Amino acid sequence: MNLSVNIGHLKLKNPVITASGTFGYGEEYAEFVDLNKLGAIVVKGISLKPMEGNPSPRICETPCGMLNAIGLQNVGLKDFLKKKLPYLRRFSTPVIVNVLANTIQGYVRLSTALDDSGVDGIELNVSCPNVKKGGISFGTDKKTLAKLVSKVRQSVKGSVLITKLSPNVSNIQEFSKIAEDSGSDALSLINTIPAMAIDIETRKPRLANITGGLSGPAIKPIAIRMVWESYNTVKIPIIGMGGIMNADDVIEFMLAGATAVAVGTANFVNPKATIEIIEGIEQYLRRKGINDVKEIIGKLHAA
Amino acid sequence: MNLSVNIGHLKLKNPVITASGTFGYGEEYAEFVDLNKLGAIVVKGISLKPMEGNPSPRICETPCGMLNAIGLQNVGLKDFLKKKLPYLRRFSTPVIVNVLANTIQGYVRLSTALDDSGVDGIELNVSCPNVKKGGISFGTDKKTLAKLVSKVRQSVKGSVLITKLSPNVSNIQEFSKIAEDSGSDALSLINTIPAMAIDIETRKPRLANITGGLSGPAIKPIAIRMVWESYNTVKIPIIGMGGIMNADDVIEFMLAGATAVAVGTANFVNPKATIEIIEGIEQYLRRKGINDVKEIIGKLHAA
Amino acid sequence: MSRFFRAEIVSNLPLNNKNNLLTIKPLEPATEPDPGQFYMVEVSNSKTPLLSRPFSFFRKTPEGIQFLFEIRGKGTLMMKGFKGGEVIHMLGPLGRGYPELEDDKIPMLVAGGIGIASIFPLVQAFGKKACLFYGARDKEGLLMLDELKGLVGELIISTDDGSMGRRGTVIDVFMDFLMQTQAKACDYTIYACGRKQMLEVLSRTALNNGIKGYISTEENMACGIGACLGCAVKVKSKELRAKSRRIKNINSELRTLDYELMYKMVCKDGPVFPLEEIVW
Amino acid sequence: MSRFFRAEIVSNLPLNNKNNLLTIKPLEPATEPDPGQFYMVEVSNSKTPLLSRPFSFFRKTPEGIQFLFEIRGKGTLMMKGFKGGEVIHMLGPLGRGYPELEDDKIPMLVAGGIGIASIFPLVQAFGKKACLFYGARDKEGLLMLDELKGLVGELIISTDDGSMGRRGTVIDVFMDFLMQTQAKACDYTIYACGRKQMLEVLSRTALNNGIKGYISTEENMACGIGACLGCAVKVKSKELRAKSRRIKNINSELRTLDYELMYKMVCKDGPVFPLEEIVW
């Protein structure tokens, strides 16, 4: 049975990727997961300089989901290349680095350095606040997004360039098209959805940062819809994510048009989730008598 | 203890309203709920002409939520005034009519007729597709929204004018401000979020309409965030809704800045939900030694 | 006396690994159900699954109200876990049940699989004068046979795989019966419950043979009381109904009729409808 | 041998209406826990609540691994419903436990409320040479007293409402003790677990009196293994730690230090930290 899929010129053993920020730098899960078995590993978002992150509480639970406001804590580009990347290189699995900055130049410098370092993929997290634009995120302003992606495109040669769109837009098709036209090799969606929870006893927000990003099964129907809308608009492959807990969820995303998927919050609930999901996909295909997982991509019977 | 709140010049016995489309035309729930006890009743969205609605399946369940694509089935303005309104008039509870159209003129004609009929409030459902604009919803285009609300404003004299914003926007503050500046007496948020689910056995979408609106506890954190952002932007009262299942959820919405709340999906799970919630609010206030519910509006300790 | 009441689980007996017999006792005064009516059952008080699930009134015993349920997905899987003594919320009886039988008519009961749950009260009501066609995928799917044998006049059993009774669908068997029978088609009244495809074929057959009858339909439900408009089923308007005797599929016509309310709600106007009323 | 394993509920004994003693038996070879380590417990396989909850290793018995838990919210309420025979997933042992005691030192164990769960293994390890300060809101909150009496050298009990032992917080009692004691402060090593406020006051007191020690901290958790970065606790950098002996609140300084990683993860670097390391 063939589980392999292609994201741009990158060939994945199978469609199951780890979602940025939910799988650490890979090493944290090596005890539970044979990293060689994964389709690809996307690491926690990296910035030029190390970032301290937000005060606690950084996470809290919500109905069928969770909020997080980690504040993009990360070791920074230098330490990532020196301390984290070498470890990941020991595995045959492609490494995709999620990058974040608050200026376009920042994204360009990061991407250039990572491209030179030979990472397999670069995922632009465009949900970050743009300091030049008074903090509104790159991913919700069409012109800015176009400029950002095309600038980065020029400097990225070897790595696959993936744009991780913000779900916080009225019309995901438009933004998908912009990312494609600006030179992305693939799209990732969806990122967490801005949300908030309040402790009615203390009257305090449940997160020190007040608002945070909603992830988990709660957002799956929104993610499925966006993947499907995006699939009907662009030709480049889509990495679908948002609330994937098991293989059935993956099949749902792929039928909606995802070429690959990313597993996020599920890793926290079950550190072996990615592996069990890969096995589950095989079982589904076997049960349905399908020998190539690519056959189900976008094969929703909508009529 | 004082539970009353004001929405524009409309005084509600308590902050608990029924969410449009989830409480029929009131009569369906009269067997379970003393309609006189409610803060207000918002009826199913009304259009000029009766609407047939979508084929089945119209609803399906999702993690901590549900999707619906009813297709705006309703009896139409004429039958509503003749057959439904008289019944509701028998109760002391204010009646708010949710209206929908696919042209600005449509909204204006509906609102004028309803205003003349003396209903207490008119709630503009601006999430409907705008035929003039190729079907993109009124609520996601700033100019259109401004035009729609101000035009309706001119023709609405007696009724309180409420704009029910679409959650499907990047920046709810902007749209809240537009609705306020265009003359809304109050805001309702949030409406359902566009979403989708697929049956992986049949490969068919779970809704005949393919996509539908996500409601229920899953969307509560998104709704709370939008109410809070909106509260920090406008002066007019906000009717908060989205996943309210119990009194604790209501307190959370009010701390975030809602003056009143609407209970939707919860009615399906528990037809007595609204009444139990009103009792629950009283208990909370008593426990906290608060004698006026207005004291908690927007009283989030954010620092 | 409210139709939304708390009920105690008296027992939850597994009939086999796919079907359970659930008995509940209302803890508050509750309304008496009619044959064909149903209840919305709260699957979990932790609200996952969120929505209640509809189940037909199966039987009333001294212990309480009984339901037959088939394990299909999340909700029914959790219901399999119901334990005696637990308390759940229920809403019902709901909807319109099966109409009375006109005197001089012979009741033909047709049950596919778990559809027997809805038909059973009719078996009790009509007793010996009833003729029951009861089919399932395999013999695992045939429930309560001993009780049924004792009650009905004629019990004709079938399974798709032939593991019990006649091989074939309940419809095949029903057709054969129509061939042989002496009685005139118009002497019969059909009462049927089962999967959509079965009800569709049955209705067409009935219409073609001029047999009147009633079928119990299913749609996903949320409120159960006609408020959410979620459980719509397409029905024919009066004028169209006449035509439909001749026309196989009239969806085409329907689509062209503007602003005619062509939908009824399974939970409120149904679940039981005259078989000629439904649009397939 | 994986730290993520399936475990069978052996028993789930209510000690009173707010606290339970849970005993589980790993169904796969599992790692031995150290005092102060914890496990992530799957609350419900229906995934609501979604996230596992962290609980300190309390005791190992022939029956299995034991946990003491207090019913606080949704998750622990569902755990109250755990029945013998049920199978759940667990992740652990996790984090860094309490360091060994330096020879010539006297262990002072301080437990606030359910914090006793984490301290108990130390009681077993240090036995008679340990002195345990154990406080709770009321006597309902004081658990396992008989076992404790038998084990520790000195057991000093207190309740906020005075319903048992001394009236006052465990800290008040601890301070009084420091006044009277002959031994030099530096002879002691504190091991403490309890609510934030208690640990903060205790740490300040200890610092002011030059007593070394360790405290077990709490933050909301998702992954339990240092991957989500959700359970951050603010710690002092080496250079700042020196100062802090004098400075009460040094958050101000911290904020100004650019790009210094000032956070550690409770689940991975902790939950136990040297008490001078934490920033309050």
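Quick notes
Letters are used for the chains, namely A, B, C and D, taken in the order the chains are written, and counting of residues starts over at 1 for each.
Just so we're on the same page, a residue touches a chain if its C-beta (ideal position, glycine included) is under 8 Å from a C-beta of that chain, and two chains touch if they have at least 3 such contacts.
This one's a predicted model, so the numbers in the text were calculated from it and none came from an experiment.
Considering the contact criterion stated above, the chains in touch with chain A and with chain C alike are B, D. On a Cα centroid basis, the chain most remote from chain C in this structure is D.
Inter-chain centre distance (chain B to chain D, centres taken as mean C-alpha positions): 46 Å. Separating the CA-averaged centres of chain A and chain D is a span of 35 Å.
With centres set at the average Cα position, the gap from chain C to chain D is 57 Å.
One simple way to say how far apart two chains are is to compare their mean CA positions; for chain A and chain B this gives 33 Å. Along chain A, residues 63-65, 216-217 each make contact with two or more other chains.
Of all residues in chain C, those that touch two or more other chains are 47-48. Here chain D touches chain C in the complex through residues 44, 46-48, 78, going by the rule given at the top.
By the touch criterion given at the top, residues 21-24, 28-29, 31-32, 44, 49-61, 63-66, 68, 70, 73, 75-76, 216-217, 245, 265, 267-272 of chain A touch chain D in their complex. Per the touch definition, chain B reaches chain A in the complex via residues 62-65, 67, 136, 140, 166, 168-171, 193-198, 200, 202-205, 210-211, 214, 216-222, 224-225, 228, 243, 248, 251-252, 255-256, 284, 299-302.
Chain D contributes residues 2-4, 42, 47-52, 89, 91, 219-234, 259-263 to its touches with chain A in the complex.
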